[in-house]
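Common to both upcoming complexes is subunit A, partnered first by subunit B, then by subunit C.
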Partner chain A sequence: MPRTLLTGNHAAGRVLALAGEANRAARGCCGGAYPITPQTEIIEYLRGVNFTRGRIVPVESEHSAMAVCIGAALAGARAFTASSANGLSYMTENVFAAGYYRLPIVMIAVNRTLGPPWNIWVDQGDSLALRDAAWLQFYTEAHQDLVDTILLAFRVAEDARVLLPAMVALDGFVVSHTQMVVDLPTQEQVDAFLPPCRVPHALRADHPATVGGLTWPAETAHHRREIQEAMERVPAVLEEALDAFERCFGRRPSGALAETQTEDAETVLISCNTMSRTLRDVIRARREAGEKVGMINCKLFRPFPRQALLDSIGQATRVGVLDRNHSPGSGGVFWQEVAATFGGTAQRDGRVIQDYIVGLGGGDVTPAVLNEVVDDLRRRNHAAAPVWREVAL
Partner chain B sequence: MSRTVSSTGRVTPCEHLDVAEPPPAVVVQPSADELHIPTELILRPGNTNCAGCGMSLGLQLLKQALGDETPYMSIPACCGIVTAGAFPTSAYGAPVAASTFASAAAVACGISTVLRQNGDDHPVICWAGDGGTYDIGMATISAAAERNDDIIYICYDNEIYGNTGGQRSSATPQGVATSTTPRGKPERKKDIMRIMAAHGIPYAATLSVAHRDDFLRKVRTARSLTGFRFLLLLSPCPTGWKSEPDESVELVRRAVGCGLFPLFEVFDGMRYRINVRPGGATLEQYTSCQRRYTSAAIDAATIRAGIDEQWKWLDAQCRAFPA
Partner chain C sequence: MTELTICGRGGQGGVTLAKLIATAAFQRGQYSQAFGVYAAERSGAPLAAYVRIDDREITNHNQVRQPDHVIVLDRTLVGPQVLAGLKPDGWIIVNTAESPDELSSIFSGWHVATVDATAIAVANKLGTRAVPIVNTTMLGAVARVLTFDWEQIVGALQSARFSEANLAAARTAYEAVRMALLPGVRAAAACAKSTAAPASLFDENVGAPPTIRTGAWATRRPHREQLTPPCVAACPAGNDVRSFVAELGKNNVDGALCILLETSPLPGVCGRVCPAPCMQRCNRNPFDESVQVRELERYAAEHGRRPAPTQPWRASRVAVVGSGPAGLSATYHLARLGHCVSLYESRDELGGLLRTGIPAYRLPRDVLDEEISHILRHGVKAHLGYQVDRATLLELSRRHDAVFVATGLQELRGLDLGPRADGFVMQGVDFLDRARGFDIAVRGERVVVIGGGNTAVDAARSALRLGAHPVRIFYRRTRAEMPAIGEEIDEALAEGVELQELVAPLALRPDNGEAVLTCARLALGEPDQTGRPRPIPLTSEDAQFDIRCDRVILAMGQGRDISLLPEGAEVRMNGALAGWAGAPLYFGGDFATNDGTVAAALGSGRRAAWHIHLALTGEDLFPPPLQPVASAEYVHWSQFDHSSAHHAPHAPPVQRRRSFVEVRQSLSDEPGHNVAAEEAARCLSCGVCNLCDQCIEHCPEGVLRRDGDCFRFDFDYCKGCGVCASQCPRGVIHMAEL
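Moving on to the complex of A and B:
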């Protein structure tokens, strides 16, 4: 793999282009492109690519960007796009449609605060609002994780046992607009890693089917259940994809969850995206100081890896969840999932599951902020309402 | 065919249109070959359309025009999707993407792009109502037209939101009563043909289910071209128009005859050709058979003034930029 200095956005654009080109021997690639800060550079990059068999269509809105992806996938092509914040909101109807159509579209979601009031900085609330849209959701820590996860997302989404779209999220600006050295795969490697995209229910002139027509309640419930069953197959398919990745690229990215020093940990923090990178340094430093603390980076959010979390949480009695998002009237969305995972066992085993709302609107989640969170959590014997930490940029 | 329908008396027969030296109507006769009727249908028996639906007639004529060629279709969540019936059956004898309401043209763009890059020349057809075209889909259609996507876009215009039970749309004519304009719509009908022509698309034309030869020729003309082609079909909706199902074809004939629905073509958004000049029907013969008009808060003189204005404009276009 050539090592290259790239921004997060250009890394995403390069990998989408490699994946699209890798399908040239099949139906090629296609997608819709519409700019929104901070993902704009991704679609700018894609519009400049000369695909052997592919075209990125400059559309008039995110709603149509996803509609073009839907049409392209229904015609059997590998389809992808990117968006952020209000673009994702505007696209929402077709995001759900893509999931319900069972089309393996890949979308890069560069996380940004939903407005108004307008704010361009990172907040995972935009993509998490789409958690029920029948898409896989991956949250990436940084540039290399982003590159690797996009490739994995195509492979898992297009797997016949899954056939669901996949969203790969990264932090706006913190990753999208900063540069890091990444191992960028060659076209030959991506060709080898990604099998030709096959959409078994693609439209065919010799098979007059109506895709997405009317269904009665029983068929609708069955359709949703099939989506759930496909979601449940994702963890195993992802492990296979990781095996294939290792064979192809000679290294193994992290999977659904990545634990750091959770063995014998009494206190465990759960987080995602760049917060996890900062948190990892905090955890290591406190371990060196003798504290039994650990952390879990949650890369796969949909399907939520409940079993993996139960397996990896160990005997930790205090679990803190970092949420750079907020569901008004409830709390952090990751916390809801973690709390649901432990469900009735939380009280029985005396475990404290505490939510921390941090870094909303792009506030800088520094080691100092995270040390405060760990201090707070270690003092707690009971969980309370979500704790807010408002921090400056 | 006249029927006793109570009238307010405000709608009176269409008078002579004041057009000096009108440009001739160009009627092109189809050859015998072109009248070949295929056995496979786009709209098959078992569909859920109401009797007298203009869409049903339009889909049959569309298939006659295309012959044995199967189109890929993008149909938004409107009457056109209810038409198909419930999964796993479909009344469509063509592959159909049932798109979200505003997305038919963008979904068709994705389909068309992928077909063409794979050397596949099958026509890609959007089949959408006036709601999906004039209103919620306007931005999507405008963008597809501006990009000149290789799509034939056919709007079956029933001048209401038919699927939801007959609410006003921007295609509803002025004065017409709908469930959301019970006292008649105050605003004028949006002129979609001018809007589409203003995009400079290769071809735009109006279609009448009462003028079969003209319909078939225009679809074939559209098929022979590439890029974004727009066809507007006046599509009677007996349920919403409060008309008789067996009069749908006759109603369209009268709409054309009284000048309300001109049959014309626009090439490259610029060069105009009129296909049928008004004659053979009066405005009252059209409106008096539809209770949506008889309860309308508009007088015939106002409608006629609109018709005259429309024809003056069309004639001026034909003179200045003849096709």
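Moving on to the complex of A and C:
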């Protein structure tokens, strides 16, 4: 993998282009393109790419950008796009459609706070609002994880056992506009890693049919249940994809979860995206100071890897969840998932499962902030309502 | 790990500088990270960018709060806050013309490096004059201070495809940066940026989003300031060129003529004979082709209606001596100001050199007559055949409240070509005067004209029209130095006049009824006091040659006849004479200024009218000093398309060679085209708002309103983004720091 210096956006754009080009021997690639801060550079990059077979279609809105992807995928092409924040909100109708059509579209979600009040910085409320849209969701740490995960997302989404779209999220600005060293795959490597995209229910001119017409309640419920079953197959398919990745690239990226020093931890924190990288440094430092703390980076959010998470948490009695998002009236969305994971299980008894809402609106979550969170968690014997920590840019 | 903070302003390229530094580090095999703090995007707003460099993978994504070094791109951002969190041995690298020592009051005890990156960037044309982009220049300074290899900097710039100018600027800064450890106790930082959340963002207790007056974000404010268009600055007559062209563009020909008549009584004359410095200075000139102002002025004079003349309403009596352009101009303006003007002319027709010195093929008589009679209709009394000498001038001054003297240049410069030259040599001015009345026969003669000014070219072309052949102009410098109007020279050459450059006559001897003119060949030497190269004689064997001809016409310029001036008199700054017993005397036109153009004479006469009016009434009509000139840098060229000028047709050379019919015709409308209006619409209106409303249409905040020609910014909501200033096609809107 050639080493280069790229912004997160350009890294994502390059990998999308490599993946699109890799399908040239099959039905090619296609994507709708509409810009929004902080995702714009991805679209700009893709518009400049000359695909052997495929094209990027500039459209007038995010809603249409996803419509192009749906049409392309239904024609059997490898389809992808990118958006952010209110763009994702505007796209929502077709985001659900892509999921319910079972189309293996890959979308980069550059996380940005939903307005109003207007805000351009990172939080995950935009993509998490789409958690029920029948998409896989990956939350990536930084540049290398982003590159690796996009490739994995195509492979898993297009797998015949899954056939669901996948969203790959990254931190707006903190990753999207930051230049970092990253190893990019070559076209040959991507060609080898990604099999030709095959959409079994793609429309065919020689066999005209309507997709997505009216279904009766029982059929609809069955359709949903099949989606759930496909979701449940994802962890195993992802592990297979990681094996293939390792064979192809000679290294193994992290999977659904990545534990750091959880083995005998009494206190475990769960987080994602760049916050995990800061947290990892904090945890290592505290381990060196003799504290029994650990952390879990939760990359895969949909499907939520419940069993793997329970295994990773092990015997830890205090579980803290860092949420850079907020579901009004409830709390952090990751915390809901973690709490639901324990719900009805024997492991729940006696554990503190505490939510921390930090860095909403793009606040700079520093090691000092995270140390305060760890201190707070270690003092707790009972969980309380979500703890808010408002931090400045 | 090395961490850098870059403090700059939006538009200076701080984030790109961070990326370039990171790239340079990457090129020497290190891990690096570069990012900016993105906020509401506004050029000019303070911003920060950060770089991390390490030998290991970088896992931190927070902003840099304890930098190893600080880079300051803008002098206005220098202050103790720059030191916030800075590590003790860190460098502070500042873009400033000052030396490190000059910053000792702020940075005592610190390592300080300075470089004038703004000047270097401007010299290398990086960014615009108003907003130079200093990032690549500062990269050179940073490279030197932080000991990067120059090759890594070249590599970083080239990998980002920066131009050679950026590389040159970086190299200049690399060499020019000054570094010092300032003496004294280490200055303290201002308190570091707080990472705590503000107590409450919200005004109301309901948790509604905060209401913000976006004007509070502004660091700069737009203001409107009209500049002087270069054509207006260039016009010696003081014509408001842009305004009359603008009226023509709106097809308001009467309005255009009214604007011209405010400053000049002779638009029909100037629309034909002016060398048009306005067109030379026109910003369109280097872009495609200047607006054809002279043709447009002529068009306005031909097609516009003149307003009814006013009549004198004051008791003051002013005498004007000389009815050339300066005298006519003073007469016109004084009459329009209500004074009773008597105009004295030694000849039996008015017009001075306009009549005697400019041939009819350039300035038809009826055009001149019509414009002069319009002047006279303002209640002016003209006295023809009135010779003025020192005695009559004294007499005139006793009968009037002021006297304006514009008798031009009556002393003709001669040339001693030997004792036997007289029969063959005549003055160009005399020749032109006689040619206009067909009072001289040169048919079949070989004519040599000596000189390079308009008189020389006019004399040559008149001789041609009267049947002389061949007609040669001998000039001691080259075509490029000839003072004559370039187009006139072109036309003369097209008609068949021959031009011999770098030649000066030395002597003339008669030989069998014809003249043998001995001439010297010259070369151009060092510039003389006029700035033109001095002609110097060649010394080679063939440095002289003889030429046979029948007539030599001298057109070598004129001097003023100062015998009019009272003895011991002294000219004051304002052109009035001191030590004179009668009414104040004022001098103008070529007599006073020797500018040599009709337009300059018109301006001189107009200024004299202001002087006289001030002396007689106490009313000061002098305009305030001109605003700065809107040179080409003020024009936003991307807003304009290239377009060719509309030219008036010329009579073909073959036809005009034998005729005094006017060479140039006027701009004529074509079916479906108002050619003059189309040509006028090419005017860029440099530096003057023409209500194009680009600013209003592009204001992203909608804070700019216009009521008639009155603009209003709502500064409660103006963010100072500068879009209006960057969209104004003509440089009327300027940004100023708050």
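Please note the rule applied: the second predicted complex is superposed on the first by the 388 of 393 C-alpha atoms of A that agree within 3 Å, B and C clash if a C-alpha of one lies under 4 Å from a C-alpha of the other, contacts with A are read in each partner's own complex, and residues count from 1 in each chain.
The working rule: a contact is a pair of C-beta atoms (placed from the backbone, for glycine too) under 8 Å apart; a residue touches a chain by one contact, two chains touch by 3 or more.
What you see is a predicted model; the values in this text were computed from it and never measured.
Q: Quick one: is A:V59 in contact with subunit B, with subunit C, with both, or with neither? Answer first, second, both or neither.
A: In the superposition, A:V59 touches subunit B alone.
Q: Using the touch definition from the top, say if A:G213 reaches subunit B (first), subunit C (second), both or neither.
A: first
Q: For A:Q189, is the partner it touches subunit B (first), subunit C (second), both, or none of the two (neither)?
A: Neither partner.
Q: A:N86 contacts which: subunit B (first), subunit C (second), both, neither?
A: Neither partner.
Q: Would you check which partner chain A:S327 touches, where first means subunit B only, second means subunit C only, and both and neither mean what they say?
A: neither
Q: Between subunit B and subunit C, whom does A:S254 touch in the aligned arrangement: first, second, both, or neither?
A: Touch partners of A:S254: none, neither subunit B nor subunit C.
Q: Looking only at contacts as defined up top, I'd like to know whether subunit B or subunit C touches more of subunit A.
A: Of subunit B and subunit C, more residues of subunit A lie in contact with B.
Q: Within the complex, which stretch of subunit A touches subunit C?
A: Subunit A reaches subunit C through residues 5, 38, 116-117, 120-121, 142, 171, 173-175, 177-181, 274, 277-278, 280-281, 363-369, 390-393.
Q: Give every residue of subunit A touching subunit B within the complex, in rising order.
A: Touch residues, subunit A against subunit B: 27-28, 30, 32, 53-55, 57-61, 63-64, 67-77, 79, 93-94, 97, 203-216, 219.
Q: Where on subunit B does subunit A make contact in their complex?
A: Subunit B reaches subunit A through residues 70, 72, 74, 81-82, 84-88, 90, 92-100, 102-103, 106-115, 117-118, 122, 139-140, 142-143, 147, 149.
Q: Taking the touch rule as given, give the residues of subunit C at its contact with subunit A in the complex, in rising order.
A: Listed in rising order, the residues are 15, 18-19, 22-23, 26, 31-40, 57-63, 65, 194-198, 209-210.
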